[in-house]
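Okay, so chain A shows up in both of these, paired with chain B first and chain C after.
Moving on to the complex of A and B:
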């Protein structure tokens, strides 16, 4: 009976073609294979975000008068509400962490070389979207930390020459952070960003499928990978072990360190001492914090924003700046750039947690 | 030009125009309307008994926060509470006898001058009047 049903479905859905594709796909095995798992890990955590986000939507109310109270209701009255919200918040952080590991490993193993330029660019767009998810979702509980994080974050956008003023009003839905900003961010977070992200994830996964896994130049120089592993089931089962481990870590973090709600946003209260953004914005926060008021007559914040923007542009265009074969002087310089960026981001992120008070 | 080429061009132009007709209202819709705010010149910032010497508090000044400080000498001063760096709301630190922004650790003295940290400009000062028990704050140059 089941066999006949499977045959019926296979005939109509073209499952044979999919099965053929899955059987054909394999993964090179070498000393850097470990880094291949991080894209799948990011996708898994994105799935957790979608599932828990939909659950939170059932109770959340997006208005300045009700948002904070609705999140408090979720955390105190709804069965396992605290767990769902904690998982959503922790998983967001782990997802961005996994995406960053994925990005740095792709950069340092030069996985962006031709013909994978668009894979790199679509991945960078996805990381940008993840940060936008984080930024827009952070405001939704409408608490003090969220209020000031949004104030600073949108003000940074406002400092960009020419288009800054327009961007600031576009993001805030007006001149100031208000209930209008909250509903706007809610729209970004649950409709616009998911729609774009789903599309780009599709493109990214398609490109990975089309071009296969990239082999680092050092492995190519040593004669290429010695063997290959079937994607189904060998690689996929290993992927799933990682996902299971991630689920365990997520459950542990959510149960032991439930995400706090803090105080309700008050537009006229002072920013609380010890305020800082989520860790993934920490290095930018620390850069802005350490800038003097003026550098050569230009406001320090503008210099910082220009520097970060320039760094981001170089990072995005890495496939076109590096040597296409990943060898020689230019390739070594790009690797050095990657190491410097990694050290800078890690060091400045750690500095945030060294002590916030003067 | 062949009839097929002409029709092909016509279809592209019509398609582009149609796309424009759809996208223009959507793009305009996304930009929030400018709503003029009533210009606030003068507000009641608090009562005389609200503040002990060497303390401060924030208060609404129109849509933005202001900060009222009573110095250790008992003198009242008021400024905008919006940090000139990235718009956080500043606070009075009685231990430092300074105005401080928690977001990026900017410091201002009791004249509102930016003295350390990233803020690029001083805080805008307001004029303070004590009228009976009320502390009235107004924009400088109003009277």
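Moving on to the complex of A and C:
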């Protein structure tokens, strides 16, 4: 019976082709294989986000009058509501962390070389979308910290020359943070960003499938990978071990450090002390904070925004700036750039949490 | 073909502009309140005032002095000139303007000042021209004051209207510069009620020094609490008198309503009155009143009951029974608060516990007020209510902590399951990758 059903589905869905693809797909095994697991880890955490996000949507109400109360209701009255919200919040952070590890490992192993330029660009877009997910989701509980962090975050956007004013009003839905901003961020968080992200994830996974795993130049120079591992089941099973470990970490974090709700946002209250953005924006926040007021007559904040923008552009265009073979002086310079960026981001993120001031 | 392309692009640009305007709204219209600015600027009446014109030019400061402050005087800002109090003709630029035959009165005599002010300020119909809800001065009330009585006896070294309000630069009481502004009243009273001015009189003169250090003085001067009492809140202003023994609980009860009401009905009030003691002042003092503490209840340490009650008396026995229960209730409250704090830090639900704790704290405030009934049954009832609420707060906190422990147990269980699954997967990997025999 099951065999006949499988045959019926296989005829209609082309399961044999998929099975053939899965059987054919393999992964090179070498000393950098470990980094291959981080893409799957990011995707797994994205799945957790989607699942817990849908559950939160069942109770969340997106208005300035009700948002905080609805999250409080989820945390206190809904069975396992506290767990779902804590997992959603922790998983968001772990997902961005996993995406960053994936990005840096791809950069430093030069996985963006032709023909994988679009894989790199789509990955960068996905990281940008993850940050946008984080920024928009942070405001949704409508608590004091989120309110003022969003105010500071959107103020920075307003400082961008020419388009700053437009961007600020676009994000806030007016001149100030209000219930309108909350509704807008909710729209971004649950409709616009998921639609775009799903599409880009599809493209990214398709490209990974099409071009296979990239082998780092250093491994190629040493004669290439000595052996290859079947994607199904060998690599897949290892992936699942990692996902289970991530699930364990999520359970641990959610039970020991449930995500706080804090006080309800009050636009007339003074900003709470020690206000800072989520850790993944920390290095940008610290850069802005440490900038002198003026550099060569130009506002320090503008110089910082321009610098971060330029750095982002170079990072995005790395596949076109690096040597296509990943060898030679240009390649070494790009690797050095990656190391500097990694050290800079880690150091400046840590500085935020050490309370460093200019 | 070309016009079609132009139209197509124009439509695209228009649609894009509309979309951008839609997503990034701009506030329309002028800022709120901008239109009110002009209306808020008022110009004074331009009536002729030759008194001011001449007196402001005079060298004798006694004669020109009044013109310095008068432009900001509340009378001047409401269009009233010198003539209102001094008479004469403000349209006459010559000395004939001050002809007594034409109604010139000059400076009013000290004993007549209150009557002169009352001629307008006691006239409700007239005062309503300037304020729809005016303060109506009552000469009858002023006559009840020690000040007025002394003036009537011919003692002119006591205060009349101008001593407190000023003369030619009178400001409305709401103006912080006014000597009768709530914060300034104690210092205005002290201009006369000081040792030097009161020499030869029996009136005490240490009130300001005591009041400044008191709970009321600190609240008003340091904390800026404008509801805290100054001199006039207890003594009255235009009818200022020292409160009589009997009136003190009424005076205090004006603000401390529940305490005043319970005390007035208590046997203690009756006894104190019989013994000629001064109600609330007996335990709390008056001008130098300190923040009340729970330690005041009892015979020992800071306890004030011992001022009247001796050890072994019924009052002392009641205090000995109540005080330990009172402190048990307070320690119960502190325990509930601490447990709720722990539960808060652990991230479990504490809202119902905090609500119960708030009610229990309110019950403590109620209990402190109920002590003024000096009757065991209501005090015991208030204690029992507070105890019940504190227990409820504590049990909510404990429930939260139990919930937290359950979460940890759940986490431990889920970790065991996850680790078991991981072990199975690893075993499966080894099985798959075992070289074929």
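The criterion applied here is as follows: the second predicted complex is superposed on the first by the 355 of 358 C-alpha atoms of A that agree within 3 Å, B and C clash if a C-alpha of one lies under 4 Å from a C-alpha of the other, contacts with A are read in each partner's own complex, and residues count from 1 in each chain.
Note that in this section a residue touches a chain if its C-beta (ideal position, glycine included) is under 8 Å from a C-beta of that chain, and two chains touch if they have at least 3 such contacts.
Source: prediction; values computed, not measured.
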Original post:
For the three-chain model obtained by superposing on chain A, do chain B and chain C clash or fit?
Top reply: clash
Original post:
Touch check for A:3: first (chain B), second (chain C), both, or neither?
Top reply: neither
Original post:
Which of the two partners, first being chain B and second being chain C, lies in contact with A:260: first, second, both, or neither?
Top reply: second
**OP:** Quick one: classify A:174 as touching chain B (first), chain C (second), both or neither.
**Re:** both
Original post:
Taking the superposition as given, does A:297 touch the first partner, chain B, the second, chain C, both, or neither?
Top reply: neither
Original post:
In the superposed arrangement, does A:288 touch chain B (first), chain C (second), both or neither?
Top reply: first
Subject >> Which of chain B and chain C A:252 touches, first, second, both or neither >> reply: second
**OP:** Please state which segment of chain C collides with chain B in the superposed model; the candidates are 22-30, 76-84, 292-300 or 310-318.
**Re:** 22-30
Original post:
Once the complexes are superposed, what residues of chain A are shared between the chain B interface and the chain C interface?
Top reply: 166, 169-170, 173-175
Subject >> chain C partner contacts - residues on chain A that touch it in the complex >> reply: 72, 75-76, 82-83, 166-167, 169-170, 173-175, 233-234, 237-238, 240-241, 244-245, 247-248, 251-252, 254-260
Subject >> Interface residues, chain A side, partner chain B - complex >> reply: 148, 151-152, 155-156, 159, 166, 169-170, 172-176, 180, 267-275, 285, 288-294, 299-301, 356, 358
Original post:
Can you list the residues on chain C that touch chain A in the complex?
Top reply: 20, 23-27, 346-349, 351, 407-408, 410-411, 414-415, 418-419, 421-422, 425-426, 428-429, 432-433
Original post:
In the complex formed with chain A, which residues of chain B make contact?
Top reply: 30-32, 35, 37, 58-60, 63-65, 67, 81, 85-91, 96, 100-105, 107, 114, 117-120
